[in-house]
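Okay, got some structures for you below.
Two complexes follow with subunit A in common, the first pairing it with subunit B and the second with subunit C.
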Partner chain A sequence: MEIKSRLFSGFLFKLLAAGLALAVLIPLGVVFLRASQPAGEAWAAIVEYRLWGYIWQTLLLVSLVTVIALAVGVPTAWVISAYDFRGRALLDWLLLLPMAMPGFVAAAAYVDLIGALTPFFIWVRQEWGIDAFLRVQLIVPWIFATGILGMTLFPYVYLSCRAIFARQSAGAIEAARLLGEGGAGVFFRVALPMARPAIVAGGSLVVMETMNDYGVVSLFGLMPLTPGVFRAWGEGEVVVAMRLALFLMIFLSAVLVAERWQRGRRGFGDSNGEGKLGRTRLGRGKSLLAVTFCTIPLILGFFLPVWRLLRWCWDSRGSAELAGHSQAAWNSFALAGGTVCLLLCGAVALVAVQRAYGSRSILVAQKICLLGYGLPSALVAVGVGALVVFLAENFPGGGMLALSASVFGLVLAYFVRFLAVAIQPLAAGYDRVPGCLREAARTLGSGRLGAMWRVDLPLVRTTLLAGATLCFVDIFKELTLTLVLRPFDFETLATRIYRFTDEGRVADAAVPAMALVVLCLIGLFPLSTLMKRLER
Partner chain B sequence: MSLLEVNGISKIYRRGDTAALVGVSFCLEEKHILALVGASGSGKTTMLRILAGLEVPDAGEVRLDGRVIARASGGVAAEQRGIGMVFQNHALFPHLTVEKNVLFGVRKLAKPAQSRLLAELLELVGLPGMAQRYPHELSGGERQRVALARALAPGPQLLLLDEPFSSLDMRLKQSVRDETRDILRARGTAAVFVTHDTEDSLAVADRIVVMQEGRVQQIGAPQEVYHAPASPYVARFFGSCNFLPFQLLGSLERARVSCRVGPPGGASGERGLWVRPEHLLLEKPTAAGGLSGEVERVCFAGSSQRVFLKCAGDLLIEVSHTQGFPVEKGQVWGIIPVRRLPEQP
Partner chain C sequence: MLAYFLSLLMRIIRNKWIGLFVVLGATQLAALGAELNVYSHRHYGTDQKVNALFTEKTGIVVNVVNAEVDQLVERLRSEGESSPADVLVAVNASRLQRAAAEGLLQKVETPTLKERTPTAMRSPEGYWYPFTMRARVIVAAKDRVKEGEITSYEDLAKPEWRGRLLSRSSTSSYNQALLASIVAANGEEAATKWAESIVNNMARPPQGGDRDQIKAVASGLADVAITNSYYLGLLLNSKDADERAAGESVRIIFPNTDGRGTHTNVSCAGIAKHSKNVAEATQYLEFLLSDEVQKLYANETFEHPVSMDLSISEQLQKWGEFKVDEETFPQLGESTPAAIRIFDKVGWK
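Here is the complex of A and B:
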């Protein structure tokens, strides 16, 4: 009898896991379904006039941003890991700050600078003629957009390389030094090749974030695929939007497959307790150089936008927008808080219960749910959007239902997109809890769930909380999904910042923008402690 | 009826279909200690985990006190078996104090009974006054003792120990080992412990089950397994052992042979003697043509010298030399067996 009840509870959990996996697959399914419907002339027109532009803009944007992020992230990680100089410890932490600067917030702080460049444009016009003028007008927004994305996204590369430089390749780097290789030689001949997996991992995160960005590119008037999807969606061309979203998905899948592939081939880079890298002490001149090198991206990616925003905050004190701000902030809090509770339950059901039962089928469900993070935001948005429209049309029940349907859609979209963010820290936390503790609890009379409750969950409490904070901040600053799926007249802080910036009222956007940055800064603490814990 | 009966347990791991256990059977009497000995990969840990209920066998059954607790179709859940376990790295819960660790399995007991039990167990393992410490504040030996107290707290019928001494250093190991045996004897708890260290098994166990590649090679008392190995594998596993084929021993006086004729050994399954190095002596080579060899290597091993001699037919024989006279490389010595093992009193 005891076996029967155990099997039954196991079955229920498998059912739950299957439901979660299904939820994650829903947007993809909807997109496939709708994309296969006939689109008629609209699609032909898109293919003829816009598709090529979307594709080359996407490719150019992604490659430029990735190059910038790598060029900044890898050397800064090396300098911080391999050398010792005054301010190193502080910079080590400060270099994470740009992560707290959502791209569209930085864009809000920079977008008016294009206006400030007018004398330069006039000068070009007078000196070089109309062609040069037009070309410069085209290029300058690209410089801003790629620069902003690169400067706010490089910490992904910095973080992954930092971990590998500091720990994984310490032994080899020290061996190279003892073999008489100097600083640059060690970097190019040993550290860089060994850090390749980390570089690719960090770089692919940058690629994903860039492809999913809507705020920065649309504020600067660029038209890669993501805004393209929303443009078609806004024009009512649902099938076209779905097909464009699939294009985006193909791009992203290619990147993720490449990342997986190189990770699978990695036969090196894993540490076996080689110990920490000893840092070389730098002289005064070189220290200054190192500090300058690390500070420039920091200023561009964080301090300059923050300074400009703060100044506008001061200017806009007593503005009439405060009531609207606080309503939007409340909306953001409620949405993020509610979704995080759901995400935590989902993560526990997929990770903790999976470990408790050792179930392979739940593990499969967990892997499927991890895929959600690899789905393009635009695809999730239009997939869930189409679902919501379908529900509203087929189950009509008045305006109230339409509102709750779109709130449901918004929560579902966040859930799909960020479930992986909740799962991964928890799974990493679990990897550090030896399985024998669970077994010990069971030989002492605890059931599977009892052992999970009394032993596992208390031990992974910190990583669980860290994951929750990350999810909270991610949802709070999510713009792309919210813009498409929010109910009518419903604003979060993120959409409000975007709307004001888009309307040219950057000063009014400053207060919510600063609020968002402060909140993201709070989110950095669990991230950095999580990194430290995982590094040990 | 034995306390624990293991009948024909088999276990196959799905990956690559390698058999972890093939038809393993043994039994254990009440209050006895049994050692499962084998090299890594011999299946001894899998066997222990099947006993604990952490794995399910593919065939066979396990009975505890007459009740079937494990069989291919499931059996009793680990938490309901009433079997305690001491894990290899002790598996103390890092977030709980010694007190909470020890009392983890007796939550349902009344509070006063709990505190009495705690005091008794900490006294037994020699850690009174440590109740409020956390595991990371304890030394290796102390952790091992807490793990033992925790496993004993629910009063299990059978205690399982997975390599319980392997994480301790040499000096500590011997004292903890003897203590553990005394505690088990004092409580009258039957125990099965897994080890790859033959010395541990010889010192602690009442019976030894030697395993190799998932099969039982021999079951017996420690003396039996050491002095009368059932196979060449067992002979070599419990320390160095020389195989002397009969054809080389033609002129060796049978009357002087003190050790038993062992199982077939050597490459072609020829018969001969299995003799441990401490059962051989060196003497002046005799003209009569006894077994002799040239010293190839001498290793100092503290109380003895390990002398390796090359005999006819490329046979390398190890002699544990304790007689004191100097032996050097290149010398030729005769090899004779110890005249007679002392009779049992």
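Here is the complex of A and C:
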């Protein structure tokens, strides 16, 4: 009897895991299905007039942003890892700060500067004529957009390189130093090649974030694929939107496959126990140089936008928008809080239960759910959006469903995108928990779930919490999905910041923007502790 | 903890997220007297004032749900018979034409509605009525563009304006309606050529709203811009001195007054098909056309009154009379798809 019921509960959990995997695959399935339907004239028009522009803008944007992020992230990580100078410890921590600055918030702080450049544009027209004037007008928004994305995304590269410089290549670097290589030689001939997996890993995160960005590019009038998908969706050209989303998917898959391929081709042996890299003490002049080099991206990616936003906050005191702000903040909190609860349940069902039962099929489901993070935001948005419309139109009581479906759609989309963010820290936490503890509990008569509840989960509590915080912050600052799927007459802090910036009311955007930054800062603490833990 | 969050989620699902429930909640609060549910694209402070005035006069509480008109129409469609909406308000006649064609609006005809609105600018079948007029005009820098140098939209296509012209993006329904009117007036081929020349003449890729275009002309970035007239009115009467100065530095041009007239769209309202408060909704539509409300709009948002009686607003009087393009107005809805196609073709962002 008892065995039967256990088998049954195991079956239920497998069913649950299969359901979760299916939920993650739904948007992709919907998009494939709808994209294969005939699109008629609309698609032909897109192919003729817009597709090429979407593609080259996407490629140019992604390459420029990645180059900037690498050019800033790798050298700063090297300077912080290999040298010792006054302020190093502080900078090590400060360089994470741009992560708390969502791109569209930084864009809000910078966007009016283009207006301030008008005298320069007029000067160009007077000096170099109308053609140069037009060209400069085209280029400047690109400089701003790629610069902002690069300066807020480089910490991904910094973090991954920092970890590898500090540990993995320590031995080889010491050897090179002993053999008489100078600082630059060590960097270019030893550290850089050995850090390649970390550079590619960090770089591919930058690529993903850039492709998923809607706020920055649309505020500066760029038109790569993601806004292209939204434009088609907004015009009611569902099939066109789906096909464009598939293009995004192809780009992203190519990047992820390349990342895998280069990682798997050569062994970069995880050389534990090689010891820490000793830091070279820098003289006064060089220290100053190092500090300056690390501070510039920090100022551009964090302090300058924060300073401008704070000034506008001060200017907008007593503004009539405050009630709207608090309503939006409340919406963001409740939405993120509610979804995080669901995500935690999902992560526990996929990771903790999998360990408790040692089930292979749940592990497969878990791997599938990790894919969700690799799906382009625009694809998830239109996939879930189309699903919501389909449900509303095809089921009785469609009217009512359409209303509640809006909430349903948004939560489902967050769930698909961020389940991996909840799973990964938990799985990492489990890897550090010795299995013998669980076995001991089982020997002492505890059931599978009992052992999970009383032994495993308390041990991974910290990583579970860290994962929850990451999810919370990710959802809180999410803009791309929210803009498409948000319910009627409903704003989060993120959509509000975007709307005010788009309407040219940056001062009104400042208060919600600062609130968002502060919240993201809180989210940085678990991230940095998590990184430290995983590093050990 | 989990239960707490779930209960929060549920509370929000019920109370905050959904227009219907907001409306129902408001109904309970305002149990006294009748009420009216308005789905509106308009979101100026003046609109709130107008609604408050309506409540004051009639005792009917107005509950407003604000969103883009396309979203509102989609909502109406999916709500079907259970829709709480009584009135649908849009800022572009073609959107209400489409809603009427889909059977989402109901006919209403009263002497007041017919007398106070120009025949050419309302739904011939009585599905919707205009309550403000919105002229799409040209503004030119006073110091760099001579008077009489531009008299029509077609003038903007001339090569001498290369690198001197500004307009917002083609996703704006104002630009779509303008090009639709040019398609209706001159044919698709001529309209394509016009749009192509406009793109070639632009001083920068389209960005920002109409107000930003006027400010950019004032800053010297360009010399002429296409904008709705009331944005200039808002700048000229702004609390901010810089905005007033920007408004003062440009001249307003009502184009094509010698020909078909200036392209003018309308803010318009119709009664939802499944409205449960038709009498109140009709009363609301008539109220929007009352002298008091027309005067309020003319002096606060600087839109033109449907009567085109300029004496009610000093600002409008200063700008002077102009001829409204009534010729192409009825065809705006059917020409809009062609306009969108042309925008794509000529690469107007």
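To be clear about the criterion, the second predicted complex is superposed on the first by the 526 of 536 C-alpha atoms of A that agree within 3 Å, B and C clash if a C-alpha of one lies under 4 Å from a C-alpha of the other, contacts with A are read in each partner's own complex, and residues count from 1 in each chain.
Criterion: contacts are C-beta pairs under 8 Å (C-beta built on N, C-alpha and C of every residue); 3 or more make two chains touch, one makes a residue touch a chain.
From a predicted model like this one, the values you see are computed outputs, not experimental measurements.
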Partner chain(s) touched by A:Thr443 [first = subunit B, second = subunit C, both, neither]: first
Contacts of A:Leu459 with subunit B and subunit C, given as first, second, both or neither: first
Which of subunit B and subunit C A:Gly283 touches, first, second, both or neither: neither
Which superposed partner A:Pro434 touches (first subunit B, second subunit C, both, neither): first
Comparing the two partners subunit B and subunit C, which touches a greater set of residues in subunit A: C
Partner chain(s) touched by A:Ala334 [first = subunit B, second = subunit C, both, neither]: second
Contacts of A:Pro38 with subunit B and subunit C, given as first, second, both or neither: neither
Of subunit B, residues touching subunit A in the complex: 52-54, 74, 76-81, 83-85, 87-89, 91, 93-95, 104-105, 107, 150-151, 153-154, 160
Interfacial residue positions of subunit A with respect to subunit B in the complex: 2-3, 6, 434, 436-437, 439-447, 450, 454-455, 458-459
Contact footprint of subunit A on subunit C as seen in their complex: 2, 5-6, 8-9, 12-13, 16-20, 22, 65-67, 70-71, 75, 78-83, 162-163, 169, 171, 203-209, 211-212, 215-216, 219-221, 340-341, 344-345, 347, 349
In the complex, subunit A residues that touch subunit C: 45-46, 49-50, 53, 115, 118-119, 121-122, 125, 130, 133-134, 137-138, 141, 220-221, 223, 231, 234-235, 327, 330-331, 334-335, 337-338, 340-341, 345, 392-393, 398-400, 402-404, 406-407, 487-490, 503-504
